[in-house]
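My questions will all concern the structure given below.
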Amino acid sequence: MISGTGITKTFRQRGGVLGAREVPALRGVDFAVPKGGAVSFIGESGCGKTTLGRIVAGLETCDSGEIAIDDVAMSSLSHRRRQPYFRRVQLIHQDPYSALNPTRTIHQALAAPLALRTRQTGRPRSWADGRAGELLGLVGLDPGYVLPRYPHQLSGGMRQRVVIARALTVDPEVLVADEAVSMIDVSLRLGILALLKDLRERLGVSVLFITHDVATARYIGTDGELYVIYRGQVVERGPVETVISAPVHPYTQALLSAIPVLHGLESPGDQRVVPVEASGEASVEASGEHPDGCLFASRCPFRTERCERERPTLGRDGGTPQEHACFHPERRSVVAVPVSRR
Amino acid sequence: MAVLLRRLAGHVARGFVMILVVTTISFLIIRSVPGDPLAARYQKLVEQGMAPDAAQRAVEALYGFTPKGSLWEQYVDYMGGLAHLDLGQSLSVPGAGVSTVLFSAAKWTVIPVLAGTLLSFLAGVVMGVYAAIRRTGVLGDLLAVSGSLLHGVPQYVLALLLGAIFTTLVPILPAGGTADIMIDPGFTADYVGSLVQHATLPVVTYALAGYGGWILAMKSSVVTVLGDDFILAAELRGMKRSIIFRYVARNAILPLFTILALSLGLLFGGAIFIERIFNYPGLGLMLIDSVNNRDYSLMGGAFLLITAAVVVANIAADLLYTVIDPRVRSGEEAA
Amino acid sequence: MSATIVPEAGGAAAVRRNFWRGVWRVMRRKPSRMAGAVILAVFAFMGIFGPILYPDPLPRDTSALYASPSLRHPFGTDFEGTDVLALVVTGSRYVLLTAVVTAVITVVVGAGVGLFAGFRRGRWDTVLMRFTDMKLTIPGLPLLLVLSTVWKFTGAVEMGLVLGLLGWGGVARAVRSQTLSLRERGFIEAARGLGLSTTHIVGRELLPGMAPYIAMNALIAVTGAVYAQVGLFFLGVLPFESNNWGVMLNFAVFGGGALTTTAALPYLLAPLLAILLLTLGIVLVVDAMDEIFNPRLREE
Amino acid sequence: MAPEQGPPGVRIRGLTVVYRTPAGESPAVSGVDLDLAPGTITGVVGESGSGKSTLALSLLNAVQPPGRIAAGSVEIDGLGDIVALGGEGLRRARGRHVGYVFQAAQNSLNPLKTVGKQVLDLGRSHGVENPRGLLADARDLLGRMGLDGARVLDSYQHELSGGMRQRVGIMLALVLNARLVVLDEPTTALDMITQATILRIVREVHADRGLTTLVITHDLGVVAEVADRLAVMYGGRVAEQGPTREVLAGPRHPYTRGLLGAVPRLVGDIGEAHALPGRPPTLADIPADGCVFRERCPLRMDVCETGRPPVVVSGSWSAACHALRDDDDPDGDGDGDGPVVAAATGEEQA
Amino acid sequence: ACSGGGTNGNSTGGGGGVYTTVDLNKPSLDVNAPINPWNPKGNAFWGYNAMRIAWAKNTLTDPNQFYPGIAASWDLAPDNSSITLHLQPGNKWSDGQSVTAEDVKFSIALAYTQGSTAFAVDPGAAGAASDVEVVDDTTIKITQDMKNPSVTFVRGVMDAFVVPQHVWQSVVPAGFWDTLKAARGDGPEAEAAREQVKALSEKVLAFAPAQDVSAGPFVLKRMNPGEALLVKNTNFYNAANVAPDQLKLLNTTGNEQIWNYLTSGTLDNAPFTAVPADVMTRIKATPGNQVIKGYSPVAVSLAFNQANKPYDNVHVRRGLAYLINREEVTRIASPEGGTAAVTTSGIHQKAAREWLGAELGALEPYALDPATADKEFTAAGLQKKDGKWTLADGKPWKVTIHIPAPFSDWVSAAKAITSQLTTAGVDAEVVTTADYPLYLSELAEGKYDLGFWLIALGPAPYNIFQRLYGSSNGWNILGGKVKHSAPGKDGNWMGGPETIDVDGVGAVNPGELTAQLNSVSGDEQKAVIAKLAKAANQDLPVIQLWDYVNTQFVNTNRFTGFPEDDSDLLRQPSGVWIQLGMIKNKQ
């Protein structure tokens, strides 16, 4: 459905007259989202997840690499021709409050894209009104209640559903959900996740799920793939359950180990590595001591001299079921295991 | 430091271009002013009883002081002069250099304007803090509304009212001038007192007119800062009130510096009214005079001076900002 | 508790009705706002119907020059015995028309430039903002003083035009910075992602959020325009051809000696009072702008 | 200054905090009873708007207007009832006795001053005679939390990352030797790895310095990771409280159960997890009478509409639910005396 | 205002005291201006520290009467061909040097560079001097060029400023007089010489003496932007009779300031100032204040641009004249400073009585008379529709009067006129022009239909009528010859016809007649003036609105001896009163 090869993006921060600082946000990311499939990206803050999501949704351009939608390379198209393609990819914003215009009612928010859609498809005008209700029903909302209201009159979960419903007005084929549940109350979070899963199953929409909370990635669909990004590079990639239960890259292991254990319900995994601190010194991108070496080397408890010289690439060395970018892949069970209840 | 210098260089370059452009624009506008200064002079002489042909000849003597040549030549001439910091000769006061006239007028504007601004800034900032702290109370409301009103009331209205009160109804302040001529100038109590006495009305008007704006700006700034978490955090750490007050004040005043710089330009505009009403011989009065006399070079000089003052004030504000705000200093907010 | 309220179909008309109901609620929340609105309404009435209330030869009593206030002449008469109240009322049209034209231009140009610069960013932004900076650097009043000799301000509209063109800089800057911050908000990106037109994004998504801002600036522009215009007429540097408050001030002070004796004082105070009242009205109404345009505050 | 004592205990009784809204005063915290045992870490979880922060601020008698503490007391060992405290006494108590740590991403530091200067301000506020010693303490503390103390003290807020700021926040809460520490959402907006680090630091510092700690969070995992005891808040009331492991392993209140069931998990059957129906109450629609959870409760009964749920206490565990009263001996440990039904407090509703 | 009480007069006790006034010629002071009488803003104040040879009385009809200045007395040749000045004996500059005939001659040299009636470089200028001869130290003789003599010659001589040669020396190059002689000749050499003299003018204008060296009663001591302080010049010839020790000149930018000074009793004398009625009452109520009224040789008129329709039609002009209530206009605009014109004669009514005698009464008074106005309009072919007059072709007619905005009395007058016209069914409006220079240049460009115009400048008869039939109406005098330019050319904006048929006189060329006034004298002059007055009265190039009254204010609290009503001195600054020894300290 949508795929990317070698996506690279470097931000240039203006630092006055003299120095323009370069921030590599993505360093050659390859990915593919099959039709109706689910792909999750996880990684810590600033690793480039949002940037990738925005590139996929056409809100940002990449420096090099290629996005292909339905095997059509986007770089080959003019800006104008590209738009209809990107309209099939809809981004769902992390913050459901800022994603809805506070000055417009839900009805207005849905009517605008629906009107556009009506014009495009040549449907009768009345279609739009019915469609709005239909879509709200689809995301589990009562149209009569929601339509005339302003965003601030709805709860976070409801807002996020509205955002999803709005994305669905243009009949997208891919939903890019960037931290779509992290601002939602815990008790409602699963509802949104279930909705996304449901949309996959019922409408065949593919989901590109971006999160720093590995656990939620599971709920989009067990058949999905999980990509672990570190500083703009995919370091591990494979089926969700495999990567969670048997991670091989030390970074993945650190990430999974960092997840709090529900003591009482779970006990910590036996090989839980003490999570590597996000370097006391500054943000992640500051500590690039090994220009050619493994990006993770400075924080890696298992690094060898080779790691500092050479940068590993994504592959299946060591016969793991998932792809990884590590010279020393070793599966460790770091994830908590449920205690059997009395 | 390097950041400071870099910013300074950028500002100066930009300010220079700005002054150049503004000078050019004002040159064009000023030179397109219709009305013949010599004709007016001629009429005046005739009306004073001079014979028409003699008046004609007397006016011709003045002709030497009017700019000649095509507009472009005049422009090149003018800019050439500017490059040598020569603003030309005044047309209405033959023999006096524009810079002389300008600076002798400027001191009567700059000092009262600065004094008034400073006064209003201080008073406005203090009352603004108070209005912010008491914003839910009646007093805070009152302060805010009175601020808005004062802010909204035109300066000349204030000046007229003050003038009507203090020079006509209760004549305790002089109606014009800079100092009593009978007192020997010098750094004596008498002379300084007289200066102060004469400057009181203009300064108070500037201060009153500015006060409303400052109290509003400061109030909203303080309210913003009070809502910032670090203030609550400081409170929860048991910081002394005085220290918290300083935290609030410093953070809240910061955005006001830019406004301060910009307001200087506006104040020079207001000087026109205030000086006219109080017969206070500063730049504003000089500008009116120069327009009436079609003294092109003086008008141009006045524009240049005001523009330069605004540009410099902006630069100063920005540098001050840089010094005070570490975020800017480290070049984080290079926008 | 959900689904208990079944609302009317959310048509545009209903939304508009709700809006006005909200506005009413906001206005009612503080008596001062109502007072402000009433003041503005009275002025608007004066501006529109003033000349009908007082058709052309204004009530004039050449035997009572500078008459003091009385029942017949609540604000006395002027130098030629014309009723001052009639002058204030009929003079409001020029002042208000100028103010409205100024406000419209300030807002249209200011918001236009600000939106464009903020929305486009990049080179356009730089160029426009440099231009705006320059405009802000040129001292407005002195420029007007000079312009008044170059330009024949033959009517209120033209006057407003010039004031507007001189005054949009501040609005442009403010709108730009608002645009810059708003455009990073999710809903703008979402609208772009949905393929909505730029007109829609700017007109429907961006502008409403900035409405209080713009409305406030418009009102401030109105006061500014009244201020500058009346002031210049007061100074006597503007040519005039119709009755206007500034002209009244000028006559009162420079012709009637209102600052010297009391005879012309009512003649001076009447337009001053009008200016003060108008300012007061605007100040009081500005207070409500934020709540009017923010649905959250409006509905509460 | 005071002789070395053990960590203080805290007893919150009948605490009610109201906010003034256009529709009158509404309780954000109502009738909360909670004990913080000396030397323990207590975790409070709850969804957004459940009144956690309000509760935390009440511990410093620092509820911000338009809110106010309407009733109840907060008894702190060595300090007395902080609700009754005011003026200088209250100010001195803050920082010295009770340390407060802000959420990370928000800025709890003055952007115009270096961290060191702010430490000195703190010292000046509390009459510390030896500022140099205070700075040394601060450096030490930072060092213990894995930072280069000297450098951090010389830094401005904007020069620090989120995790570093959070650690500075903890340092500022402890540098005056406060023994009661309140952390409000200490890891929200931090990424996983930083969160883990902070949690580890919290645990270590707690043990090192012998503190009584209150951790506020909306993330069950965070409490599970650090807290000895756990209180679950809903709609301004404590739904259930008890030893963390016990509560997690055997939640009794229907809300706790639902919440646990709604937490996305790394392992286990996906199908078992469900979102709670409905939505959490906001200040405007908190029911005045009866159980605040009834709208979303699977065990809803008629009595839930009217009666405030009684607090059912069993040892160190307690829950407030009408449904629990009917269950016999819910903990099933067979010691026979069964749950004690405390008299429903807080009948006095404004 | 507050400084008034403390520092004025009485505190100085027995001696002089401070005399406070405003200089009419330089009401706005400029600290940067040089102490130079030719400089438009110069700080040489006429009558105070700047002296003319003599001070013109500006009597009603005779321009050749003077009060002594630098010259104590003078002998005039019977045919006006020369004048011999006798300087004040023993007069000294304030620095102690004597005022000599050489100083006067030197000053005349400077006058040549600045343009003057008597000291004109151009050959053929009327009333120009042909020779300046120092007879002895205190006597100097000036001869008129009799090729083109004029009654203005004497006035031209007397008006010359006298400055100290020893201070100004550097300004004039040696051999100036030779150059001048050459300049008054013909041919290219003369041309070059004239250029040389002209080139000097800038230098003279800009010359700034380091300090004031005065032959007047006062010397400038110091000034600030608000005030100038002059102290008594003890070397002044009449110093013994100069009562004030010090003189304070106040800066003013508008009349309202003078009103304020007057109501607070600050000013010992205020020169002519327009004053509204109520302010007048206040001023009069101030202890010590007195009003002196005298003749002011100027009148204001509503002038037509006859190049524009329908004002080319004399009936329209007359019709308008019948509709304007001049009494009311004057009462509204200048109740104290003017008397409504008895009619349009082109002459101030006071002077008119002298010049015309009984004939004045024979002129059409144009008293308010709507009925006659209707007749006139009808005669002009205008139409009345719904009570409103329209143009002959039925198009709307709007009388637009242009006024320079700063002249508040004119603006009030124009407003009053439009009100009157509107009431009478003639649509009218006032449009102001930002300032006087702009007004003048637009007026001269013919942009206005109607404007206000000062006329009747006395006392020289030519000056009276050149405002009506001078360059503004097409007649220019070039090299002694009168030339008429077409409307719209050479500053002809009034656009009147070149010849006018005057009842009882016949066809006249008013411009030629006016020019004659320069050369003819005595009864001849009277006859010409009578013709011109008639012409102006019938043809109405302007409607004379009011004749100014010289209203001055004095305060007798500190000084006495001020001129009486109608004194000729009222037309000279109070410095002249003081130097003549009139002003005395109050006991």
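Letters A, B, C, D and E mark the chains as written, and numbering starts fresh at 1 in each.
Please note the rule applied: a residue touches a chain if its C-beta (ideal position, glycine included) is under 8 Å from a C-beta of that chain, and two chains touch if they have at least 3 such contacts.
Treat the numbers as computed from the prediction; the structure is a model and nothing was measured.
Peer 1: Under the touch criterion given at the top, what is the topological distance in steps from chain C to chain E?
Peer 2: Minimal hop count between chain C and chain E: 1.
Peer 1: Could you tell me which pair, B-E or A-C, is linked by more C-beta pairs in contact?
Peer 2: Output for the comparison: B-E.
Peer 1: Calculate how many whole Å lie between the centre of chain B and the centre of chain D, each centre taken as the average of the chain's C-alpha atoms.
Peer 2: A distance of 55 Å separates the two centres.
Peer 1: Quick one: report the Å distance separating chain B from chain C, using the average Cα coordinate of each chain.
Peer 2: Computed value for the inter-centroid distance: 25 Å.
Peer 1: Mind checking the centre-to-centre distance between chain C and chain D? Centres are C-alpha means, answer in whole Å.
Peer 2: 51
Peer 1: Using mean CA coordinates as chain centres, what's the gap between chain A and chain E in Å?
Peer 2: 90
Peer 1: Give the residues of chain C that touch two or more other chains, as numbers and ranges in rising order.
Peer 2: As it turns out, chain C has residues touching two or more other chains at 2, 149, 237, 253, 259-260.
Peer 1: In the complex, go through chain E and note every residue touching chain B.
Peer 2: 1-3, 7, 18, 25, 28, 30-34, 36, 38-41, 56, 58, 113-117, 120-121, 125-126, 152, 155-156, 159, 198, 201-202, 204-208, 222-229, 246, 248, 250-254, 257, 260-261, 263-264, 297-298, 406, 435-442, 444, 454, 457, 460, 462-463, 466, 470-471, 477
Peer 1: Could you list, by residue number, the parts of chain B that touch chain D in their complex?
Peer 2: 136, 228-230, 232-241, 243, 247, 250-251, 254, 324-327, 330, 332
Peer 1: Along chain C, where are the residues that touch chain E in the complex?
Peer 2: 56-57, 60, 62, 65-66, 79-82, 148-149, 236-242, 250-251, 253-257, 259-264
Peer 1: Of all residues in chain D, which touch chain B in the complex?
Peer 2: 57, 60, 62, 64-65, 91-96, 99-100, 102-103, 106-114, 121-122, 124-126, 156-159, 169, 172-173, 176
Peer 1: Inside the complex, what are the residues of chain C that reach chain A?
Peer 2: Where chain C meets chain A, its residues are 2-3, 5-10, 14-15, 185-187, 189-197, 200, 204-205, 208-209, 211, 293-296, 299.
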